[in-house]
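So that you can tell them apart, the chains are marked A, B, C and D in the order they are listed, and the count of residues begins at 1 in each.
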Amino acid sequence: MTNININTNDLIKGWDRNTIASKIANDLPHSSYVNLGIGMPELVSQYIKEDREIIYHSENGLLGMGPSPNENEIDLDLINAGKKPVTILPGGSFCHHADSFSMIRGGHIDYCVLGAMEISVKGDLANWSTGKGIPAVGGAMDLVAGAKNVFVMTQHLTKEGRPKLVQKCTLPLTGAAVVSRIYSDYAVLNITDDGFKVIELNENITIEYLQSVTDGNIYQ
Amino acid sequence: MTNININTNDLIKGWDRNTIASKIANDLPHSSYVNLGIGMPELVSQYIKEDREIIYHSENGLLGMGPSPNENEIDLDLINAGKKPVTILPGGSFCHHADSFSMIRGGHIDYCVLGAMEISVKGDLANWSTGKGIPAVGGAMDLVAGAKNVFVMTQHLTKEGRPKLVQKCTLPLTGAAVVSRIYSDYAVLNITDDGFKVIELNENITIEYLQSVTDGNIYQ
Amino acid sequence: MQINKIKKDMTEILSDVFDGATIMVGGFGEAGSPIELLHGLIDKGTRDLTIIANNSGNGRVGLGALIGQRQVKKVICSFARSAKGVTFPELYNKGEIELEVVPQGTLAERIRAAGSGIPGFYTATGVGTPLAEGKEEKFFNGKKYILEEALRADFAFVKAETADRYGNLTYNKTARNFNPIMCMAADTSLVQVKNILEPSEINPEHVITPGIFVQSLINIKNPIIETNAIEEGMTYP
Amino acid sequence: MQINKIKKDMTEILSDVFDGATIMVGGFGEAGSPIELLHGLIDKGTRDLTIIANNSGNGRVGLGALIGQRQVKKVICSFARSAKGVTFPELYNKGEIELEVVPQGTLAERIRAAGSGIPGFYTATGVGTPLAEGKEEKFFNGKKYILEEALRADFAFVKAETADRYGNLTYNKTARNFNPIMCMAADTSLVQVKNILEPSEINPEHVITPGIFVQSLINIKNPIIETNAIEEGMTYP
């Protein structure tokens, strides 16, 4: 592993999270079934264009998830995987947990979008455990093993200035060779046999800079 | 295998099928979940006493099956495992085939009552194939493997006068060591480590006669 | 743009079905059997099919007709000896169609497994019988089980009672049977449905097959009733 | 005589629960969590319990309270790091409670497997991760899977919306979650339900848990709402 550690004050500013979310939204095709991970990935649903309809799956037994309810519409029996109140859209349905995970594990979810701590050049993902504290995995391992396409939405570097895109993950894996594409604040990259292939580069940075903050081969 | 072959004209007449059915009905406890095989076992439901409520399961996704409908009530979407029109009672429910067989295979059916071609002293059952014609197993193997108690309802001898209770089955098995009790026209018998244990003997026959028409140890 | 899985006619809904395909056919006996879709396949003339179903068809209608047209090379089912079966026994006795017999519950579970990402599971069903021959064995808590593998298909042909444009389905009584799990296990599920409703008209608590498992729908308002068709001596085509 | 699974009070419904029992607790977060049954278990003082649930309790209410009373020796769950979790982290950090982490889908499937007579199945979930360590591997079509075993329980504690005296259940929205499969996987399922209806009032097409999977019911008309209880600083007992 290359020992990259950038002084975070020196970092070039990349896309903000809303811009990243809109890029992902543009890449989700019409009529796809999508599971958005808790946190930053939830932003994606706000940027879906009117030329397409996307159906959201929440692993706690909800297909056809809608936006957050108004204060007076909150039903604590209608929540998402992050345990926050949500709504259900016309054409939605409820199911039990085994059926809900059949959708995931059986390969019926077209895209899942997840956060990451580390992603390796081989597409290994670590996003469930820092190795410290109480271990808690939730549905992350099922999602990466089952979804047809696993997208990662992440900052390119950790808060401490270390690359998240690495030659080899050091943290406990969520899944091996599961990620298909990474959307960071610096670039959109595919996982390929030859390394991280740049699909789109942030307008403020060069490919050389991207390589300097990535621990793993970058190419265009 | 003992070579017993009785001239069917010489046979002592045992209980009729309605009497056998009523004996089985008496042994099904209140609030049990029961699957009655196609054919003779279906008679059992007519002899349940008023001191108990039994719930019938039909493996094609029907729990709480009721009696045959009147001519004008027939719905060809509401049938039993024998593909005959039936009814559903209040408190009944429909489910799909995997859920229906979860009830069977998961050990939730308290009793199933099946016909037999052969039953061995070890409780092996053969009732699905004569070894000739088109092989067709249906749900029989699931029922004998999954139900908590497997009752067999049968004539003691074949139409040709050969014992159905045998030392070892000669026909293809439905299940090995699965039968718990046999209700024949001659006796009610438990499968035990020591052979066929007579629980009740038809009033017209002796234990010696029963042994003479049974290929396997009989005791009281 | 709105999702709309409803196709305009039989030609459109069957357009991707190919020679040599594996097709799951819903229904238990006639209840839930997608007769019109099967007749569509006769019109299309698709051949060398492997059919996964509980039965092997009655009379010369629906699956019975498809088999009679010699479009099926193999049937995987639990019960191929239906009282009204005609075409399958004819071909089977001549050695002109293959048969794989699977216990009904194992058949259902293998189908569900395919839809749920489970490549194999262990079961007590069939242990010690001829249907366990050649199957891997394993002991759990001292009891013997056999390994059964997932059973998938290229297409599922399914009959439902109501649907919306998303493909959410409900069924009628015991016509539910294999249909929901077959929708899960096929790459492409084609559904003939009696009534098409607005999405808001199906209560999300009552959906049996969520639309995620359905690719295409066709509205067949008055499907053939097999029992009546056979009594009337109907044959297809 | 009529089947009637409705019990008169908490003492009666909990009468068979024993020290050292394995208990599945329904719910995902607070939705579908059987808080009153859990409080009944605190009153009863049952100890050395193994709890199977998705989470490990919030605040000092329901499962959080039961853990706080040190009645639980082990938790098997997918996510023991809830935002409002208090009692589990306290005991875990002191090494006074055991934890087995299971991926959420594997947890659900292991539970369903137990209810369906499947002692083990293969899954891709967890392959190549620390949670696969020590697990049997097998290749299907060139892809690696691990063996997961059925997860059963002595009891399931379940919360439902409506029931009839046969134990047929329906749930409310995402409060369904683990409850139906836990009813299948436990020797004895104990259900707290808001509304009890006549059997004829539940449409047989809409039953989610058929009564065969339910042994006992108790009517809890106005269950505690966990979020509100925690905000109000409620603790139990």
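One rule holds in what follows: a contact is a pair of C-beta atoms (placed from the backbone, for glycine too) under 8 Å apart; a residue touches a chain by one contact, two chains touch by 3 or more.
All figures in this text were calculated on a predicted structure; none of them were measured in a lab.
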Which chain pair shares more contacting C-beta pairs: A-C, or B-C? B-C
Report the inter-chain centroid distance for chain A and chain C in whole angstrom, where each centroid is the mean of the CA atoms. 36
From the C-alpha centre of chain A to that of chain D, how far is it in Å? 29
Distance between the CA centroids of chain A and chain B (whole Å) is 56
Set of chain C residues in contact with two or more other chains: 109, 112, 116-118, 123-124, 171, 173, 204-205, 208
Residues of chain A whose C-beta touches two or more other chains: 88, 94-95, 98, 101, 104-105, 145-146
Would you mind giving me the full set of chain pairs in touch? A-C, A-D, B-C, B-D, C-D
Within their complex, chain A touches chain D through residues 58-62, 75-80, 83, 88, 94-98, 100-101, 104-105, 124, 129, 133-142, 145-146, 172-177
Contacts from chain C onto chain A in the complex sit at residues 1-3, 112, 114-118, 164-166, 168, 184, 198-200, 202, 204-205, 207, 210-213
Once bound in the complex, which stretches of chain A touch chain C? 30-31, 33, 50-53, 55, 57, 63-64, 88, 90-95, 98-99, 101-109, 145-146
Of chain C, residues touching chain B in the complex: 28-32, 54, 78-83, 88-89, 92, 99, 101-106, 108-109, 111-112, 123-131, 171-181, 208, 225-227
Which stretch or stretches of chain C touch chain D in the complex? 109, 113, 116-124, 138, 140-141, 143, 145, 149, 170-171, 173, 204-206, 208
